[in-house]
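Step one of this worksheet: look at the structure below.
In this document, chain identifiers A, B, C, D, E, F, G and H correspond to the written order of the chains, with residue numbering beginning at 1 in each.
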Amino acid sequence: MFEIRWHGRGGQGSFTGAKLLGVAASIYDEKFAQAFPSFGPERRGAPVLGFNRISNEKITDRSELTKCDYIVFLDDTLFDESVLSDLKNEDALILINTQRVFSHKNIRGIDATKIALEILGIPISNTVMLGYLARYAKEAVRYQACMDAIRASMKPSIAEKNIEAFKCAYEQGGL
Amino acid sequence: MSRNAFLNGDEAVAYGVKRSRPNVVAAYPITPQTITVEKISSFVQNGELDCEYMHVESEHSAMACSIGASSVGARTFTATSSQGLLYMAECLPYASGARLPIVMMNANRALATPWNIYGDQMDVMFLLNSGWVQIFVEDAQEALDMTIQSFKIAEHESVMAPVMINLDGFVLTHTYEKVNIPSQEAVDQFLPTFLGAHHMMNDEMPMSMCISAGNQHNMEFKIKQHRDLLRALEIIETIDSEFESQFGRGYGGALEGYKHEDAEVILVTTGSVTGTARVVVDRLRAEGKRVGLVKLRVVRPFPVEKLMELVKNAKTIGIVDKNISFGYEGTLYTNVNSAFVQSGIKKETYNFIGGIGGRDITKDDIHEMYENLQLASAGEQIDAVTYYNVRCTL
Amino acid sequence: MTINKSIQLNARNITSDEYFYGHKACGGCGESLALRLALKVLGEEAYLSLPAGCMAAVSFIYPNMAFKNNAIITPFASTAAVATGVAAGLKALHKDHLSVAFAGDGGTADIGIQALSGAIDRGEKFIYICTDNEAYMNTGIQKSGLTPFGASTTTTPAGKVIRGNIKPKKNMFEIVAAHGIKYAATASVGYLEDFMNKVQKAKEADGPAYIHVFSPCPTGWGHESDQTIALAKEVVDNGLWYLAEYENGRFRLNKKPDLSNDVRPYLKGQARFRHLKDEDIENIEALRGEKWAQMLAEWQ
Amino acid sequence: MKNFKRVPVPTLTSLSDYPLGSSCKSFHITDQNSGWRVFMPVIHLDQCVSCYRCYLVCPEGAIHQNEDQKFEIDYDYCKGCGICANECKIKAISMVKEEK
Amino acid sequence: MSRNAFLNGDEAVAYGVKRSRPNVVAAYPITPQTITVEKISSFVQNGELDCEYMHVESEHSAMACSIGASSVGARTFTATSSQGLLYMAECLPYASGARLPIVMMNANRALATPWNIYGDQMDVMFLLNSGWVQIFVEDAQEALDMTIQSFKIAEHESVMAPVMINLDGFVLTHTYEKVNIPSQEAVDQFLPTFLGAHHMMNDEMPMSMCISAGNQHNMEFKIKQHRDLLRALEIIETIDSEFESQFGRGYGGALEGYKHEDAEVILVTTGSVTGTARVVVDRLRAEGKRVGLVKLRVVRPFPVEKLMELVKNAKTIGIVDKNISFGYEGTLYTNVNSAFVQSGIKKETYNFIGGIGGRDITKDDIHEMYENLQLASAGEQIDAVTYYNVRCTL
Amino acid sequence: MTINKSIQLNARNITSDEYFYGHKACGGCGESLALRLALKVLGEEAYLSLPAGCMAAVSFIYPNMAFKNNAIITPFASTAAVATGVAAGLKALHKDHLSVAFAGDGGTADIGIQALSGAIDRGEKFIYICTDNEAYMNTGIQKSGLTPFGASTTTTPAGKVIRGNIKPKKNMFEIVAAHGIKYAATASVGYLEDFMNKVQKAKEADGPAYIHVFSPCPTGWGHESDQTIALAKEVVDNGLWYLAEYENGRFRLNKKPDLSNDVRPYLKGQARFRHLKDEDIENIEALRGEKWAQMLAEWQ
Amino acid sequence: MFEIRWHGRGGQGSFTGAKLLGVAASIYDEKFAQAFPSFGPERRGAPVLGFNRISNEKITDRSELTKCDYIVFLDDTLFDESVLSDLKNEDALILINTQRVFSHKNIRGIDATKIALEILGIPISNTVMLGYLARYAKEAVRYQACMDAIRASMKPSIAEKNIEAFKCAYEQGGL
Amino acid sequence: MKNFKRVPVPTLTSLSDYPLGSSCKSFHITDQNSGWRVFMPVIHLDQCVSCYRCYLVCPEGAIHQNEDQKFEIDYDYCKGCGICANECKIKAISMVKEEK
């Protein structure tokens, strides 16, 4: 069972990232997946969370998700060292969209906004971060499944660009 | 052809509704039901679903419009939650007394005050006396499937009663998972067009509906309604079997047992917490503990006999309630206890109240419930009612 | 400013069939007359919705059903909601029948105004007829939003400190008109041809229509049961009630009363006004004057 | 009403004799209201000019024109309210005390 | 000086209200509650009672106005019945969650559909989860006395909960009997002016009321409310004793037993049917039968322990329900049964459902109930649920 | 026809105290601005009632309370009922404070209209301020009775067959006025001094008063958060919204826009209108024309 | 226990008669009494019922009243021989306001309307019938208690006349 | 707001620490909203002409005149919506990217 948490702000599309991951794993792969947002009266601009569970078996667990295999930040201003304690184990990773450099062994950074701006022309970095996540979480989700998920979920006009953005992060792990 | 999609519970219901081809949908928005009605509106505005969508001004009117539409024989759907459910309370026994086969989705949510938009089951438990069939689902697939089944149950000539499908707020309504959407053809075959019924208004023999009956007659009307609802249990089972044979997914009718046959202690659950409990049961079984689970899917009509059958081998029973009847205990607990008394079966039962106002019920909580039940089985004294995960001392 | 003559329904050319019969209303009930005649205009294919109130209470007492039409009692607050639900159901089933609601003043101006407002706003065709007997009669003559100033009711009795009801009638007709409804009208069972012709116009309107018909209640008002029509005519003639229409966004008065008419004979025939002092009656006349000043100024 | 027939009171010996839901056939009239009357209206046909007024104003619909075009009262449903008598311009209707 | 008057139940409540000097009364008419509010209006219009009387446009607003008035510390009364009670359903847990000491009279009446204005208890049983103290009275005197007691219970700083006083429609509300009206001075002494409470809006420390509490906090708010309502049982008993010592009339607190001590079979009743049952008990006792009666006066908080105490010597218990939870059984039966299970006491219990839609419950009916209980005691098999006085075969 | 100048509140002479602070509304929320400024006029002694809706949702999240005043959240349907209950309670306790209700468009024109109508009819003093953001925002942008023609909402999406909302806005201001209320006005957060001065007049009115304030919602309308004021001004300037008052039984327009102004710039800045075709925009302009024709004819 | 049923029409005051009897017995005498109307949606003009129970002991019975000691008719058009079967026993009586003559041993007639018209000037015969009832039901209610009840329950302006009407029926049993 | 003080988050270890009912003291603010900002407004006091406009239009009430009559922003509560900058006629406020 892989457990993943996404951090973003209302409006940044972090939950769309979680949904794409779920679609990839459960519809375009043989896995089972859940995706759920943080529940609450959050307004635009307020920090929000998204969650995934991915497993080879049917997932029936409906309790809150606390310890994670991966924690993804779409915005580094939301990052705080205290989240390190939410990692499930030694190998668990925090993936951050940032220009900063982090030296912690469980943290990886990528300038996803830059990639998004270059490829998509807008600073929406969820598909980039999905690629970055897929690069590490190979057992959780397949490359091809992600691309299928993006293609199926987005309007054709933007799907290909997003696939490109996804690939960029997946393949190069940044620029 | 059926297809798979990644849907949350609300969307799953919306697809179930679409496949059921309602004639009229009247609804008023309320978190966490909104996604369902938004999705249905988009089907309508996109021309994918041909029905009268009524933007009503309140839930009381949502149900009243549904009553109007259903009373001329239109297949009718609505959806609500919490405050909305209570705001339409007057119309619920109204519709059931009139034997109108309305189907309603209720996104279970806490009741004010204090206000809270998260999921618990106080709303539906408030309304168990309303004469509606009360169904609880565990996941998005069951939500979709039961939406379709519900129309068939409601419109069955011997049932002819409104049905409420309860989905736990957020943990079901907003959680995405893979759902199989059956093909329109298959659903059309399972659920034919509704042709109305003789007690509804019609052109051939005009009817007067929702009439009054004085003390000379009222009791007979009510007893007839009650008798038919009791008898509906059997039809619910049959329809679930039919569904299973056509779609390959069945839910065990009114109740589903999980590793219950030889269980020494059994937890009775409704809705989504069942899924979490399954995980704990598996773990405890792996440790060799004889624990089991009974998922109460239908709370009205209340399946006394089947419940007794499923728990008969267990020594101690725990009932998980995501609601409190203030000044007493969890409502399911009260209901289950009575089933034991009237069946003349003595078991020890314990009430585990949790999840109020969206408070998480963790696997550890459930683990502890099982442990307590085992202690009780072993003769230790535990409290009749325990509150889980209360973050401070009483 | 004359009674509308464009359509000419009268006693001779309406159907001789009865669609409302054997009901248990008090003898001389104004509301029941309004229903009877409205149905003769609307026909037996109309689907009827009535909330709790005298008319529902006296017409659906199992096993005695007084309506020939399809008919349903609605929850008290939801006349217009049920009626538009019926309309939507009929439309979805491709049945081309009219949905018509009949509700009392309390069921319209108080507890039912929200459902009515929403229904008008949705814009689908249906007819709503408010039979105004100026109090909650079915429950025993309590004050409603349409009880006139001065009237004694069981919740505004003629007391030592407060003499009857101290609020004027709600402007129900204007409130409805402010919704931009297709057709609205006031009427009185004292002017029955006018009423029937307005029902006919409502039937022909291309969207929601509303008729507010003044309907004396011998039991609640304390007048002789044979005076129902006479009082309903007098109240129009003395200007305490008015006949008007709202159509295409414009108001029109159908009849101009003589405002110098004394209101006393009208008030005196009714127990509910028997306690009034001269100053109360002057107040009533003043309210009448204000209302007519506004109507004459704005509704020409 | 012309040629109106009451239906018999239903025999209700088992729950299945009761209607489903809270419905009943429309125009299902088992009762009469004649017992409500204290005074009864009598139309003096010799005076009547067939103006239709009484027929129009009767809240019960209890006045109708019979086969002979004469106005007639259905005494099973007339409640004796007196409106017809009051509204008949030429006083062709009088109210007389009901006898048992 | 107290005085005697020949009053019906509705009027008795009105006098109780008058003596309690409410600041605000907001109500909407509905049979069979109307006499109460008419009487109160006449007190106001005659200058006998100085309070703000609000002519509201619906019951939802009647309760909402009451919430508004009570939330600034005004003593507030309202009254309703049946459809009206359900129409305000949303506002009931609202008020109880806000801990507002509103007192409401509910004239118990059947629920539509079919429509019916007669008395049964379906309306209140629909609402047991609302967080209100639920009191049932047997006659007009008790109605008056409990109206006064209710304000004291509601406003007690450890209770601070709304109270509903239930009067059986017509058989209590419209039946006249001799009632003692206590003097104003005596009542003033028993029930002092209400001075508001800290959680209400006030000028010294402005408050935000009916706030929202997310999943982090909601459960604690609700548990606190529940705990306090459970604890209110004791205060209800104390206040009844105080009332008794001042006025010479007491009602036994939450429950009153009648010839129950040595009874072999006991009937549990609420409200007016208790009186009829007393007659039957007396007759049967005269014949030497060991039959008894327990009158359940308070159904929320539910008096588990005291109930167990009163019935402990009996072998078989019958519960009279003037309501049905469609698709299950009588609601009091469910509640009482659970009390046995959680107390670990095994007794045979039987449910006697009657009085639906105003159907008479005759002395013969009650006689038969006792006979059946005795048969059951003697080991004969009788149905768990029996419907009385149904005029045709099922 | 000029902005009312009888009372002159402005940024400099209102109190510098804040009574609404730290709330969780989205950045740039028009409603929250309307509340903030209204409270500066009303003062901290006013008792506030707010139904469910964005403003309640963002201001009472335990343990964060954003109002300095006494304040209560009401059931969604009963803003005016609770507010008048508060007023009655205060009156009975001889406390001389103002009861003020703030509700959204949905809470006012749909589910709350009955309670509002009843409250106005009772005639006791209280103020009701409707903050109109033209949809149910708190629950995620569903159509309300005040959603304008053409707007895409989550229950009236821009679909293949039906393009957004097909109903015009309910005439809430006129419906309220038809009750014969003491004082009613429309306003916009684009004209803040006008709004504040109307709040002041409401405060001084001798009976119920109603203010309907147009309040853009960046989240629901899909505009940049810094455009809130600009849009609220533009909508008045192009005549899609109007500033008016109703007092002593008479309507008065406060500002006459240039009706030749193109509505496109206003519509284009908002995602909810992005799908509109030319014919839809013409329809919007036609509705504007009709409305102004009526207002100019009747409200002078 | 005395059980009494009153027959009248909505508006004729039959229930007022029952109430007066209850007041007399329970407030101005040492007895216990109930008075209750027929419950239902009856309109003006429709036949209605009123009931009394009078006893020396506290009355707790709330069931419907079927067999009667006295049945009082305020209007003979409402009378029907079938009510004879509702009499409790041999001595039970039916008292009718009528001009007709009844020969049945359990029926007594009085022209109460005539008395009412003569004494009160209006055809409201409830106090007359109360007097007529009190004449027979001496064990149920005392003469003086009835007069006290009328005096206490009615406006002074009409109380004395009603007492006179009551007396007339009580003393003379008719004219 | 001038001189505004947040209150500490209440310690809630027993039910009696919770308020009675569903009430809480008004103006009980334990949180700040600065985390919502992506851009922050900066007033260029040298350009500012003290026209009060930004103070009037801020939905947060986050702009106030300080002791020196200068307009100042309470960055704990400013959400960075940009209205002030947009409404300042003389562009004395600029929006700059928030740095952590």
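Points to keep in mind about this one:
Note that in this section a residue touches a chain if its C-beta (ideal position, glycine included) is under 8 Å from a C-beta of that chain, and two chains touch if they have at least 3 such contacts.
Note that the structure is predicted; figures quoted are calculated from it, not measured.
Think of each touching pair as a link: the shortest run of links from subunit C to subunit F has 1 of them. In terms of the distance between Cα centroids, subunit A is separated most widely from G.
The interface carrying the most C-beta pairs in contact is the one between chains B-E. In this assembly, the C-alpha centroid of subunit B lies 30 Å from the C-alpha centroid of subunit E. The distance from the centre of subunit A to the centre of subunit C, with each centre set as the mean of the Cα atoms, comes to 63 Å. Rounded to whole angstrom, the centroid-to-centroid distance between subunit B and subunit H, based on C-alpha atoms, equals 46 Å.
With centres set at the average Cα position, the gap from subunit C to subunit H is 55 Å. Each of the following residues of subunit D touches two or more other chains: 12, 15, 18, 21-22, 24-28, 36-37, 79-80.
Each of residues 55, 57-58, 60, 83, 87, 90, 94, 97-98, 112-115, 117-118, 206-215, 217, 220-221, 223, 225, 227, 358, 360, 391-392, 394 in subunit E touches at least two other chains. Among the residues of subunit C, those touching two or more other chains are numbered 24-27, 56-57, 60-63, 65, 67-71, 73, 75, 77, 110-111, 113-114, 117-118, 121-122, 138, 145, 167, 218, 225.
Against subunit F, the residues of subunit A that register as touching in their complex are 10, 41, 43-46.
On subunit H, the positions that touch subunit F within their shared complex are 1-2, 4, 6, 9-10, 24-33, 36-37, 52-53, 55-61, 64-65, 77, 79-83, 85-87, 95. On subunit A, the positions that touch subunit B within their shared complex are 19, 22-23, 26-27, 32-37, 39-41, 59-64.
Interface of subunit B with subunit F (complex): residues 28-31, 34, 37-38, 41-42, 44-47, 55, 57-58, 83, 87, 112-115. Residues 10-12, 16, 18, 20-30, 32-33, 36-37, 60, 62-71, 192, 218, 224-230 of subunit C are the ones that touch subunit D when the two sit in their complex.
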